[in-house]
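As written, the chains take the letters A, B, C and D, and residue 1 is the first residue of each chain.
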Amino acid sequence: MTEKRVISAAEAAKLVKEGMTVHVGGFLGCGSPDSVIAALAEQGTTNLVLVCNDTAVLDQKGGRISGVAPLVANRQFRKVIVSHIGTNPETQRQMNAGETEVELVPQGTLAERVRAAGFGLGGILTPTGVGTEVEQGKQKISLSGKDYLLETALSGDVALVKAKKADKAGNLVYSMTARNFNPLMATACPVVIAEVEELVEIGGLDPDEVHTPSIFVTYLVQSESGRPS
Amino acid sequence: MIEYHENKEIIARRIARFFHGGEVVNLGIGLPTLVANFIPKDKTVILQSENGLIGLGPAPEPGKAHKDLTNAGFMPVTILPGGAFFDSATSFGIIRGGHVDYTVLGVLEVDQEGNLANYKIPGRMVPGMGGAMDLVAGSRIVIAATTHCEKSGASKLKRRCTLPLTAAKEVDIVVTDVGYFKVEGGVFVLKEWFEPYTPEWIKEHTDADIVLAPDCRKAEL
Amino acid sequence: MTEKRVISAAEAAKLVKEGMTVHVGGFLGCGSPDSVIAALAEQGTTNLVLVCNDTAVLDQKGGRISGVAPLVANRQFRKVIVSHIGTNPETQRQMNAGETEVELVPQGTLAERVRAAGFGLGGILTPTGVGTEVEQGKQKISLSGKDYLLETALSGDVALVKAKKADKAGNLVYSMTARNFNPLMATACPVVIAEVEELVEIGGLDPDEVHTPSIFVTYLVQSESGRPS
Amino acid sequence: MIEYHENKEIIARRIARFFHGGEVVNLGIGLPTLVANFIPKDKTVILQSENGLIGLGPAPEPGKAHKDLTNAGFMPVTILPGGAFFDSATSFGIIRGGHVDYTVLGVLEVDQEGNLANYKIPGRMVPGMGGAMDLVAGSRIVIAATTHCEKSGASKLKRRCTLPLTAAKEVDIVVTDVGYFKVEGGVFVLKEWFEPYTPEWIKEHTDADIVLAPDCRKAEL
């Protein structure tokens, strides 16, 4: 297998350019690619579209900030496509002020839309959201007497994911609930940057335990923040 | 005259009784999380957490939290022996596919048609639905857990929800701090009342149609 | 976690009743639940519908038989829904003689249809089969100028899968290419019987390496034929 | 006069030259499998097998076959260091999602519109499409690998396929034992011819429209 290039977090951030759609793994900050996010915040690129489970935690009083929240605080997103913004009041403020567009997507639908993009499907039919505001503007399809919404694939330009371990070929293994959306985001963009805590030689992973096969991964970044605790 | 006092513990206590062992259950953030405290130790209820695990255990001992092991509320948790981790597509596949027996969720409004509103107050609070829409649409049995009345005294059980819905006609059971209801035939069927409340009090203080189940009874909790 | 009942292959076969739709893992016999299949062949239940990647290998001259082929030879299926019958000439003979109905489904579509059933989706939109006989009778949906076929969920009554390892809770770990359709079949039926080579105590598997979480599995069967080689 | 002799090796040899290292390639059963023999040792081509692995290695040494490690043709194989296993949904997600750079497939008929027929001769041979329809619809570049003529002498390259299609307008490249063609603008564009054949011979013996590429040349193989 060919080795993937190992780049710095700053080099990774440079691959994210103004206007791009960025898929980011993590769930309220658990399993977020924090080093690359920090570099991207430093870089300050704006007008981005975020695809992520949530806008993470921004608690200015409590001094707690996680996941993509630094990028939200920086106003680097023109639009966020997420399932949840409740732990980041700044997102809601920007939404109400008309500064940032917020598209709320049910979490399971978001997962399937991202997977569909990565797996070459045009979309999926889900019962989730039928009879709610989520069905607005969507095609409703009835099968055997049950209604489903047609939810379309959601691809992006660059994916930022976080894994616990990688081999130099780019095979990824995630840790516990830090897995979440990471394997999905890793399929759905032409450029996939995987921040990892531990980098092992090719042959150092059991091929049965690989969660994301190497072909999905473009670059590897050694995590600065997320070394094993 | 009976005065209403919010009592979240009684809600959690009653919901815990639905489980006999072996059920797969997802407990929402907030009030539903309390349910875990009242499941008897001898009954193995399998807790699923939508951020990607089954076999959710209690909170870790102080100093034992692991950054990679949280629940859907970003709180440190543990996993029991025999548990498993998976990605978000699998987690919601489990939920949407009917492999979760019970989901317990909080409520802004619930109505007698089984409609649930719990994710949005337009113009005031828009946290997003997170996993709630999938949980309500996908789980086999949906339990809405709620205090019976607002701080204002208004009933949270409605004839018709006015807030944006989380899901339409999916709620099976409502447990409040005054009683336990089944949603059936377009009404709330009162199955149990909790002291000091009475069926009469409940009818008076609920802005919806209440029918007493033939076997309606006072619950000992 | 609760322990799953460990039953014999013969008891497992008894759960398969006339007329049922049976999902069977395996790819040309690699990763097939051979002990349960042998018991089901012995039991002789007929009028079944098979959902499987293929009808496996039946080479009477060469004396080679694998996977579900014994059930085909026994004429236990009224219908087979598979991607391939080329290595089992008996299937083709039965099809031409009007004895068995054969529905051919592209392999990737079959995988997604089974997964959709298990994961509560009504179906998926795939570009595979557009412009071919496969599109006959199906809804075609155009998204951003590309055509997709709406392929519907494919559920069943009993799934027979094969894993290398299980713990007593029913968590499964597969081995190499014996994984194939097994994790998908395990999601799509209300009764799932997992034949395993090695059964360990609860706690004996790393929760990050589990391929099929225990909640999908109803019964465990100790494999007779497939002990570690 | 040039007489046609089937030569599968030359086809495999030419296709192997498309790869410069790092490509992800799926080789179909039969003729395409031969391609692996001609990939230079210093070029790392990553082979995907649709039954669930990436990093396909050579056949195992005698006696070293493992029952759980086969290719899509049920033959024992090996996996290279850095390879990975996955289920069939992921395998076809990889294929359909465009993560496979090249797929090389056998042919019953291929036409100048890029249509491919390789899975069925109605009434005679109905093996099923297996993974072929997904591979042709999903891979970034589709190479049809075929002897140029039937045993009967008839051309396998057609104006219009008559057999049921595996996929419509997806073939990018056709390599036969007489030359290498691109499918472009509704014709076969001859890019290379293989000795002893000539462009004139190829035009005469192909039942389709052939156009010579501006840089059309004789290939040294």
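We adopt the following convention: contacts are C-beta pairs under 8 Å (C-beta built on N, C-alpha and C of every residue); 3 or more make two chains touch, one makes a residue touch a chain.
The shown structure was predicted, so the numbers you read here are calculated from the model rather than taken from an experiment.
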Chains in simultaneous contact with chain B and chain C: A
Result of counting contacting C-beta pairs for A-D and C-D, higher pair: C-D
Averaged-CA centre spacing for the pair chain D and chain C, given as whole angstrom: 29
Distance between chain centroids, defined by C-alpha means - chain A, chain D (Å): 36
Mean-CA-position distance for chain C and chain A (Å): 33
For chain B paired with chain D, centre-to-centre distance based on mean C-alpha positions, whole Å: 56
Residues of chain B touching at least two other chains: 53, 79, 85-86, 89, 92-93, 95-96, 138
Residue numbers of chain A (touch at least two other chains): 112, 115, 120-121, 126-127, 174-176, 179, 207-208
Chain contact graph, described as a line, ring, star, complete graph or other shape: other
Pairs of chains, among all present, that meet the touch criterion: A-B, A-C, A-D, B-C, C-D
Residue numbers on chain A that touch chain B, as the complex places them: 27-31, 53-54, 57, 66, 82-87, 92, 95, 102, 104, 106-112, 115, 126-134, 164, 174-184, 211, 226, 229
Parts of chain D lying in touch with chain A, wherever the complex brings them together: 21-22, 24, 44, 46, 48, 53-55, 79-86, 89-90, 92-99, 138
Complex contacts: residues of chain A adjacent to chain D: 1-2, 115, 117-121, 167-169, 171, 187, 202-203, 205, 207-208, 210, 213-216
Complex contacts: residues of chain D adjacent to chain C: 49-53, 66-74, 79, 85-89, 91-93, 95-96, 115, 126-134, 137-138, 164-169
Contact footprint of chain C on chain A as seen in their complex: 112, 116, 120-127, 139, 141, 143, 146, 148, 150, 152-153, 173-176, 179, 207-209
